[in-house]
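The same chain A turns up in both complexes below, where it pairs with chain B and then with chain C.
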Partner chain A sequence: MNLIQTPLLQDYAATAAALPGAGDPRVAGLREAGAADFRRQGLPHPKVEAWRYTRLKDLETLPFGRAAAAEAAPASLAGAGLAAVAARVVLVDGRFAADLSTLPAVPGLTVRSLKDCLEAGDAAVIAALDKGVSFEQAPLAALASAYLEDGAVLAVEAGAAVEQPVEVVAVSTSAAGPRIAFPRLVVLVGEKASLTLVESYTGPAHGAYAVDAVTDIALGEGATLRHYVFQGEGAEATHVSAGRCDVPADARYEGFILQLGGKTTRREMRLRMVGSGGDARINGAYAAKGDGICDTTTEVQHIAAETTTDQVFKGVLDNRARGIYQGKVHVHRDAQRIVGNQLHNGLLLSRNAEVDCKPELEIYADDVKCSHGATCGELSDEQVFYLCSRGIDPASARALLLHAFLAEAIDLISDEGVREAFSARADAWLAERETA
Partner chain B sequence: MTNGLVINDLRVSVEDKEILKGINLTIEPGKVHAIMGPNGSGKSTLAHVISGRPGYEVTGGSVTFDGHDVLEMEPEERAALGLFLAFQYPVEIPGVTNTTFLKTAVNALRKARGEKEMDPMAFLKMLREKAKLLQLPDDMLKRPLNVGFSGGEKKRNEMLQMAVLAPKLAILDETDSGLDIDAIRIVAEGVNAQRSPNRSFLVITHYQRLLDYIVPDVVHVLAYGRIVETGGADLARRLEQTGYADYTTAA
Partner chain C sequence: MPSTTETVETVHAFTGGAYKYGFVTDVEMEMAPKGLTDDTVRYISAQKNEPQWLLDWRLKALALWRTMEEPKWAKVDYPKIDYQELHYYAAPKSTKNAPKSLDEVDPELLRTYEKLGIPLKEQEILAGVAVDAVFDSVSVATTYKAKLEEKGIIFCSFSEAVHRAPELVKKYLGSVVPQGDNYFACLNSAVFSDGSFVYIPKGVRCPMELSTYFRINAQNTGQFERTLIIAEEGSYVSYLEGCTAPQRDENQLHAAVVELIALDDAEIKYSTVQNWFPGDAEGKGGIYNFVTKRGACRGKRSKISWTQVETGSAVTWKYPSCILQGDDSVGEFYSVAITNNAQQADTGTKMIHIGKNTRSTIVSKGIAAGKSDNTYRGLVKVLAGAEGARNYSQCDSLLIGDKCGAHTVPYIESRTPFSTLEHEATTARISDDQLFVCRQRGLSSEEAVALIVNGFCKEVLQNLPMEFAVEAQKLVGISLEGSVG
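Here is the complex of A and B:
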């Protein structure tokens, strides 16, 4: 198999020497490992099973270069449109923008720039960046590590509860020529601490750009993380992301991924259930139109016994758009009495739309409860007629049914403010579709 | 212009098979008409065509309501005109609560009639009052539309929609089917409470039982796509004795 040629990483040697913490062998080692991984794998290739359905065409064909420090101010910092946040961290083209961020003192919460942490050689942060989860089959995450430069580090001290959402708004700016940004997040939640985190990705409405995001999460025992992602990139954006989180004993991870933007997008979340009593949800909703490709890929490793995971994803596809859901659940030999469920429902609004759904279960323990379900259908004429017969016009009837379809996933978000904001974003997508 | 529903020589086919073969029927405001008839006579087809359900081909005749050409209108326009169909098989809609659905419908109708949206608090108050009359518990208003409702609950929910949307003509398509006698009584009370000089009803039923509770002004017998007999409330009682055998053999 030939590697796909790309100019990406050609400037690596010259660039890496000037990046923060270049003199620290631990930091330089992370970059070297990322660069080596990316050189070996190249851009994602459709012959690799994990990338069979999603080809990053723009990255293959356009001369992408690493985004330099922003020249223009971001168009909007609205992010997911949350009514209230405890703090708002703004990353512009991947770089921590203190002047644009709103960082009041929140008890138990520390927000730093990743750049500062790399320069200071912060051991906990470096450990979180290098916790041994392989970037095999995640070449873009390897590329992001090669260019490791800046981002945000959020830390909640043991026992502290940060209930109101902390939002990280990662915004891309318009630049001459297609540029790729590497927003990087490190999230450290101490023992029995809790945090509500919203990651929001937005950028210029038009023009090709790319975002290669990586989020590394370290949870303490008994910690709770509500981790919500809003991907609302511009119409021509390529967005690839990889998140990693180990869920230790009695910890709870509640994830939700809302993907409504971009041209080609892929969000990956990898969870390892490493302690008994750990509980994780990864739910999500997405909508794509035009020639959009919207991929959500999850990988759950049940390593410890008595761990629970649950996934519910719902997607709406219009025009020639494709939705992809790949959900891998790997139950290790000693992971007895675990529960692992996943469900994907696709709704096609056009004859040319497509859903590719691939559940993968690998089970080596014998006392487990695992399930997976997938459906794919169209809006029901019966339902539309029923609503119309009560006076609701067909466009509103369809919008109501689509809202209801996505709401069944969005309603799983436990934070009320986030749930309302995400629901409003989804409704805006549906309203725009009706008027298009 | 004739007020109320006027059906003139209505002919309807489904997949090239003629189901209605020239229906003539006039329902004046305030009147309750019943249509009875054997299975397959075209009763539900008539209800569906009046409400605008897709899948039927009108090959001849006309349907007007208050002088408007109903057959030229979309289903939602017919609803705005004041037509309402209580479905024989109400549709389940997950994710849309009963309350949201009814609020959307009420405001859609008001908008179509050039009226202002209803105040949300006033709407909720009205909704709870109507639900109470039909003995529908409050939690059914919060549940997704018809999802997990029993057969009786679904039919009562249709009556709730009728009460809230306040149509000029309500068509009840075998609303009594699958209901026990208590549920039939509740449904009938709901209908009777709605009877008024400017609201008419078309009650479609296979059995006479419902008509013990909703006493019709006029009863029609539909067989093989035609109205073969018209009479008063006593016609329904007579049919209960003789059955439909006379019509099925005659046709």
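Here is the complex of A and C:
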């Protein structure tokens, strides 16, 4: 395999020595492992099966450097535009910004900067960074680990319920030369605790920048996590992210990924169902235009018996945009009584748009009910005609149908406030498209 | 769940059963020396009196093959093949003085076919099926040739076609599967031994099903068939292919290439029943089946239909595909793949939509038992110009026992909004409810499972030509015989 040369690790040796917790062998070990992994794999390219549809062209060609601390003030902290939050954590270029964050005391919830935790050598945080789902074929996650520096740590103590959403706004700032930021999130939800978490990614509307985000989640037995992601990066952004979560016995994970921005984006979520009674949903919606490439990749490992997962993804592609959905459901040997479903619907609005879909089932147990469905096509003329025959003009009819198409996924968000905010974001994207 | 336990036990019982077609025919063989060099290729070519251009074509393929790597992406696992340890050519000696009629054919050979259940004489009289039987590499007898010739149809062995219709072979050989297409196709291009050639002239509807029985014999001989079928404007042909192989200890390599070309309004129906030796309970001795099959719908309103029933081989790597170039052309793929014991099958199809209003249908039924792995891998690709393209894919898997694996890896790529693609896949086992209902109606558990699995495969089996449907049903029946109660 030919390695794509990149200057991304050029100043690694000098940088790593100055990063927080460099003296701690556990932290230094994590960085070393990440660097070694990235050196071995290089930037992903289409010859790598997991990356066959997505090429990170800007990272290959532009001279990206690591974003230094607070180069400029962020343009907006609006994030996903939630009406009410329990707390808002702001990360500027991947670094915890206490002064910009709103952190009222919420019973059962602690919010810390990752930098503090690394310096203090917090065992639980380091364990969460170290274990869990593997990042095989995720070289960018390895790169993020090599430059492990700062981010946010959210912890909910056992039995506590944080119902109102906690939002983490990761914002990139415009700076001279293309910069790459590494926002890192560690989420620890104790036994039978619950948390609603919204991750929002935004940045300057113009100018190339990159975000390489990683989210590590550790759930306790019987815990509930509602994990919503809003990716609203600027038009020239490269956004790559990897999330991983083990779902133990009787725990519940509800994820939603809304991708509306960026030029080349890829959100990856890997789940391991490790305890009986675990239940996970990962749903999502995406829209891309221009030359955008929008990739959503999920991997679900059913390791324990009696676990269920469900996925619904909907995408809208305009102009020359490309939408990608790759989903893998892997049922391990002896993991019986499994339900695993996947659905992906792609809608092409333009002659040059493209959708690529790879829903994969790998099953080694017989008492399972697994399925996947995939469709792609254009808006149905009959539906448009029906609405027109009811006195609605064609443009509005199309807008209505597009809204309804994405709403089928967005409606699956159980938190009302988040659902409304995400729906409004999607509508804004559609409205912008209409006027363009 | 007693029914499941029963099923598992009986599947096990079945695996213990000996392979019905396991025997070796004792015929004097003429072999190329072991190993693969330019000289091997020259030897094969010389044995067949091939023209220079074909030898050059083979040598070019060999040079290309040396630069290629064996593909590793398929979900199959087998010991590394030492390509220098194989014989690349074996011909029954008696064919040196080519037989003029069946009476001249080595009686030992005829007995082999009888054991396989294809008595040539009977078929000639009863079935109305022209059989071009391939015994190891050389075609030994062809029937009904005269009848076909009346219509202008050419149906002969590949080596004969090289002399009889050189311009057709030269024009179409490698035009669908080029030499460097993939590792195994490239190997085949260098060392292909023989195969079938079919040419249907303009407007002719082939009056009978054409069929070939392949049979691997002789120790350590890979068999590399090359099949080329050309259907001219407005013609129709249905081609049947069936395989059995004798039992032996060392794994045997089989890397065939099949190329189909359908011009305007032509239709080719290609059906396969593959029942090669799957190996013992550990897969030892089974056939490695690495096949490249591809059809090009070059003409407008042309149609290519693949139907396959795959029950044999230790390792199957096979993706019969359609390139839908002509406007309004149609591609179909119907497949039943049954794996048992340690068998591994990675099979599926590719549908490449290039022309306008092209349509494709994929129906794949995978049944995994024992500790086998059964993978569907398919690609549906709609290029930007393929407006009005339509695809429907359905891939269902059935698991019998808790040690087997069923996998589905579809790739769906659409570059035009004016197309509709649908894909659905399910994986499940025979439900206890289904069994219970059947048992309640008085069926034995074996009958019940047979009924359910037959129903599961029905959509595919009913697409086989009648002559083959019987054999296919028998095969599925045999596979099921031991699997319950």
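Observations
Operating definition for what follows: the second predicted complex is superposed on the first by the 435 of 436 C-alpha atoms of A that agree within 3 Å, B and C clash if a C-alpha of one lies under 4 Å from a C-alpha of the other, contacts with A are read in each partner's own complex, and residues count from 1 in each chain.
Operating definition for what follows: contacts are C-beta pairs under 8 Å (C-beta built on N, C-alpha and C of every residue); 3 or more make two chains touch, one makes a residue touch a chain.
None of the values given here were measured: they were computed from a predicted structure.
Number of chain A residues touched is higher for C, counting chain B against chain C.
When the two complexes are overlaid on their common chain A, residue A:A365 makes contact with chain C while staying clear of chain B.
In the superposition on chain A, A:Q137 makes contact with neither chain B nor chain C.
Contacts of A:S276 after superposition on the shared chain: neither chain B nor chain C is touched. In the overlay built on the shared chain, the residue A:S414 is in contact with neither chain B nor chain C. Of the two partner chains, chain C is the only one touched by A:R333; chain B is not.
In the superposed model, A:E49 makes contact with chain C only, not with chain B. By the touch criterion defined above, A:S350 lies against chain C but remains apart from chain B after alignment on the C-alpha atoms of chain A. Overlap of the chain B and chain C contact sets on chain A: empty, with no shared residue. Listed in rising order, the residues of chain C touching chain A in the complex are 4, 73, 384, 397, 399-429.
Residues 380-383, 385-394, 396, 400-401, 403-405, 407-408 of chain A touch chain B in their complex.
Of all residues in chain A, only 49, 333-334, 336, 346, 348-378 touch chain C in the complex they form.
Of all the residues in chain B, the ones that touch chain A in their complex are 51-54, 74-76, 78-80, 84-85, 87, 90-91, 93-96, 100-101, 104-105, 108-109, 112, 144, 161, 165.
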